[in-house]
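Written out below as structure tokens is the structure these notes cover.
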Amino acid sequence: MLYQTCHLADLFEGFASLMARERDALCRMDGLIGDADHGIAMSQGMAAAHTAVAALGDVTLQDQFNAAAKGFLNAVGASSGPLYATAFLRAGKLAGPRTQMPLADTPQIIAAMAEGIAQRGKAVPGQKTMLDAFAPAAAALGAGSLRADIAAARSAAQAGAAATTDMIATIGRAALLGERSRGHPDPGAASAALLITAFCDQIERLAQSEDTP
Amino acid sequence: MLYQTCHLADLFEGFASLMARERDALCRMDGLIGDADHGIAMSQGMAAAHTAVAALGDVTLQDQFNAAAKGFLNAVGASSGPLYATAFLRAGKLAGPRTQMPLADTPQIIAAMAEGIAQRGKAVPGQKTMLDAFAPAAAALGAGSLRADIAAARSAAQAGAAATTDMIATIGRAALLGERSRGHPDPGAASAALLITAFCDQIERLAQSEDTP
Amino acid sequence: MTLTQKLINDGNDAVDEMLQGVLAAHGAHLRQAAPRAIVALHGPRAGKVALVIGGGSGHEPAFLGYVGRGLADAAAIGNVFASPPPQPIIDAALASHGGAGVLFMYGNYAGDVMNFDMAAEMLEMDGIEARTVLTTDDVASSPDRSKRRGVAGNVFIFKAAGAAADLDMTLDEVERIARHANARTYTMGVALSACSLPQTRHPNFDLPPGEMEIGMGIHGEPGIRRAALRPANAVVDEIMDRLLAEMQAARGDRVAVLVNGLGATPLMELYILNARIAERLAAEGLAVHLTLVGAYCTALEMAGASVTLMHLDDTLQLLIDHPCDCAMFRQG
Amino acid sequence: MTLTQKLINDGNDAVDEMLQGVLAAHGAHLRQAAPRAIVALHGPRAGKVALVIGGGSGHEPAFLGYVGRGLADAAAIGNVFASPPPQPIIDAALASHGGAGVLFMYGNYAGDVMNFDMAAEMLEMDGIEARTVLTTDDVASSPDRSKRRGVAGNVFIFKAAGAAADLDMTLDEVERIARHANARTYTMGVALSACSLPQTRHPNFDLPPGEMEIGMGIHGEPGIRRAALRPANAVVDEIMDRLLAEMQAARGDRVAVLVNGLGATPLMELYILNARIAERLAAEGLAVHLTLVGAYCTALEMAGASVTLMHLDDTLQLLIDHPCDCAMFRQG
């Protein structure tokens, strides 16, 4: 089974509608420790990424990721813009200039994104950021089968996002809150867990359809 | 029985505490058809009038009224300032440069004030103003005894103020509302009715204490 | 009962403390001739008509922010939403007149008329001639121009008269120009929230969420009607339809525009309004000579905005462009 | 759920429509070099360091109101409360650089740092040197100066750097002055209400009536603590105690003061604050060289205020007095 450009295009379409749906909830979350706009950044960013990807003709996976990066970044700015743009650029590098990649390799997209975010944000796990969803998900990979990897990454992302509630932010806008940042989940981790979940769900579906031809 | 400067000083003290008490209710009333400040104007004005009168030494009734006029006007401005200042000046002219006046003549103070207001405001009854309390009270005078006059003036002021609810304002700030001014009492008439009532109550008490020496 | 959140001390001291803060900030522009009379340091001069403006407080930067060289010479300061009494008006006139007469200009409100008229009578006894021009720019307040309220259009109208006085025109000329400026200035506003007097800290009217008051005055006086809050462009269209119908301008005519915030409405919203205003004016073939955007004539912390159009002619354009240097407003 | 009352159209269009309104009003000062890059008509010139500022929208008149001769040459405009992406920053730099280098100045926020840094890297590839000075004036935001947020003090800090650039100083000098100006500028604020993003129209935090947030950031970021709303003088005293302790000035030193409204707080309140600020400064023996009072750096329609002190020396005083002519700010 191969992961093709049509699958990646679908993924971005899904990201866009997911973030539109979660926009207000993410804004409320950001309001508690930040500036209440994370839902707007993510929904605008993913809408732009989706539009950019959908507008492409006959292209490679890397072209798609690059277009998504540029679309997201230019629509959003903010913190999320450079972070997701860099994540997508790294994912594009991993996918490479080809129109399809083995399904079994797709979990590494999560790892590539995690690296991009860590590098752009100069962040490490435990600082109460989106990296606390991406890094555990990346770390959960490589254990066994594709199915196991995907399941492990998904639950690690969700657990990681949940765990941010008890963290004190030490980077980003919320860092200045110190102790007052504790007790609230990080909105960037929450949106990241949603996106990783959607990605894992897609891979799982594709793997299933392979099993049952 | 004579109405003396100590009685007039008491009256202004009473006016001041009455308007302080009614401040917020009068503001709310003014909010519906005006600018929500009538209670503030009346409480500040009467407080200043009281202070000015209380500060006087050995003076005449006219001096007291003149001081009240000046104190009220300078503290307030607004519509109420010139209107009450003129009313007090007219009352002072009536009372004259003497330290006391016959109690039986005191109801004419209401008439003098009504004239002053009508002249300063270029107003006639029926326009939904404080004159709709003062003018009926003044018109009710002269029927018979002091007691009867006072009782008649008081109920005429109260009825007059109540009747403003059904009027359309044709002068002052509320005039621009047209039909929308109907259904709400005029705050200036309401405060006027309270003041006239307090004045009538005082005269009545003094008349009573004359009866029961 | 919830009290409106305000950064004040005792509400009764608000106006005087404000003046103290104004004088502390603007000692290079203003001086206090009397407790409630503020005079331009570089405004009044011998032989010049003195322009004295005034009105209630709570409209800042109106009125004291428009005192300065090239605009008003002095302002009389009232309590919040209350005309000043005659005394500060007299103080302002005495501190600024230069032997060429005094022009009183203020919004057309019953209280202001009574107090300024009393002041004018008293000044007459001192041999000082004080004339009066009322501003009546609020088109929503009455079909009868002479009964209308004066609102944000004050800024343009005062500006024109102040420039005329600064150009050493006679009292007759300044008065004529002031009337002319007023006659060609049109304002209409909408309120999105109430405001609260500092003493009561209680909203001066009820405006349910989702509604706006069209034609609201700058003291919270009810306007023409309540309506559901609509998108900015629809609000502008309603206002512009009315203003343009009143103004009766021909294609190619020039206007000055003031997009005024009532206190709590941020610049972002005012500029969004201006985007549509500019479109509407362009569609009419009208040339925009000057646009002011900001909180120029407020109603405490009321949310909302007004739009003013001044229908320029060569004289008014010259006067509007004439330099002025006030504590809160500069031009040229 | 009650939606915040706003005069806007589609919330997603708010920033672009605002820019349209700004350009319609200020065509004599500003031009649009790219959709989100605004450049001074009379600012940039050959051989002059280009000062490029920027940040999220919703802080108007910051940032675009400070673009003009003598102050910033260009501004990059982000979405509401969101750093602009690299592209408009690059557009602003390319449209304004005069061969003497570019100085980026903006508030110290993670998002802005990432976007401006990306822009600087890309400009470097085009052979354009862009340096960065972050503003960090919000004393309430961290004990560590380098981690602090940049808030209303921007006005003074940008002003000093813009004047240095206008005086044709080199990039090294302008950068040094910008750092110096930042190091001597101290701000602290309080919020009395939340604000709402145009897309959600939902308050970005809960502030129960009767309370205030001390040390609130200009995007509604929580501050130091919640407290009962106190009289203006007590609020000023808490702020001034902190600012004075940070500033460590000697008697006779000079300061510039900015009393800044966060959006919905009217001038009356700001001047009441200034009355007390002036008293406190006088008691410290400090001379007030300049006081600005108004909405200079806002958070949409948030109610509240901040106080900024710039600790002047001869250089900074000269630079603060240097003339500037921006669409929304003039000096000298």
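So that you can tell them apart, the chains are marked A, B, C and D in the order they are listed, and the count of residues begins at 1 in each.
Note that in this section a contact is a pair of C-beta atoms (placed from the backbone, for glycine too) under 8 Å apart; a residue touches a chain by one contact, two chains touch by 3 or more.
Worth saying up front: this structure is predicted, and the values here are computed from it rather than measured.
Trainee: Based on which chains touch which, give the shortest step count from subunit A to subunit D.
Mentor: The distance in steps between these two chains is 1.
Trainee: If you average the Cα atoms of subunit C and of subunit D to get two centres, how far apart are those centres in Å?
Mentor: The answer is 29 Å.
Trainee: What is the distance, in whole Å, between the centres of subunit B and subunit D, each centre taken as the mean of its C-alpha atoms?
Mentor: Their C-alpha centroids are separated by 54 Å.
Trainee: Quick check: how many Å separate the C-alpha centres of subunit B and subunit C?
Mentor: 33
Trainee: With centres defined as the mean C-alpha position, give me the subunit A-subunit B separation in Å.
Mentor: It comes to 74 Å between the two C-alpha centres.
Trainee: Show the residues in subunit A shared as contacts by 2 or more other chains, in ascending order.
Mentor: In subunit A, no residue touches at least two other chains, as defined above.
Trainee: Touch graph across the chains, line, ring, star, complete or other?
Mentor: Drawn as a graph, the chains make an open path, so a line.
Trainee: Report the complete set of touching chain pairs.
Mentor: The list of touching pairs comes to A-D, B-C, C-D.
Trainee: Taking the touch rule as given, give the residues of subunit C at its contact with subunit B in the complex, in rising order.
Mentor: Contacts found on subunit C: 12, 56, 78-87, 109-111, 114-115, 118, 141-142, 147-149, 197, 199-200, 202-205, 217, 219-222.
Trainee: Inside the complex, what are the residues of subunit D that reach subunit C?
Mentor: 2-3, 5-10, 14-15, 17-22, 24-26, 57-58, 60-61, 65, 190, 192-193, 198, 209-210, 212, 229, 231-233, 235, 257, 259, 263-278, 288, 291-295, 298, 300-301, 303-305, 328, 330
Trainee: Could you please specify the touching residues of subunit B with respect to subunit C in the complex?
Mentor: 23-24, 27-28, 31-37, 39-41, 44, 73-83, 120-121, 171-177, 180
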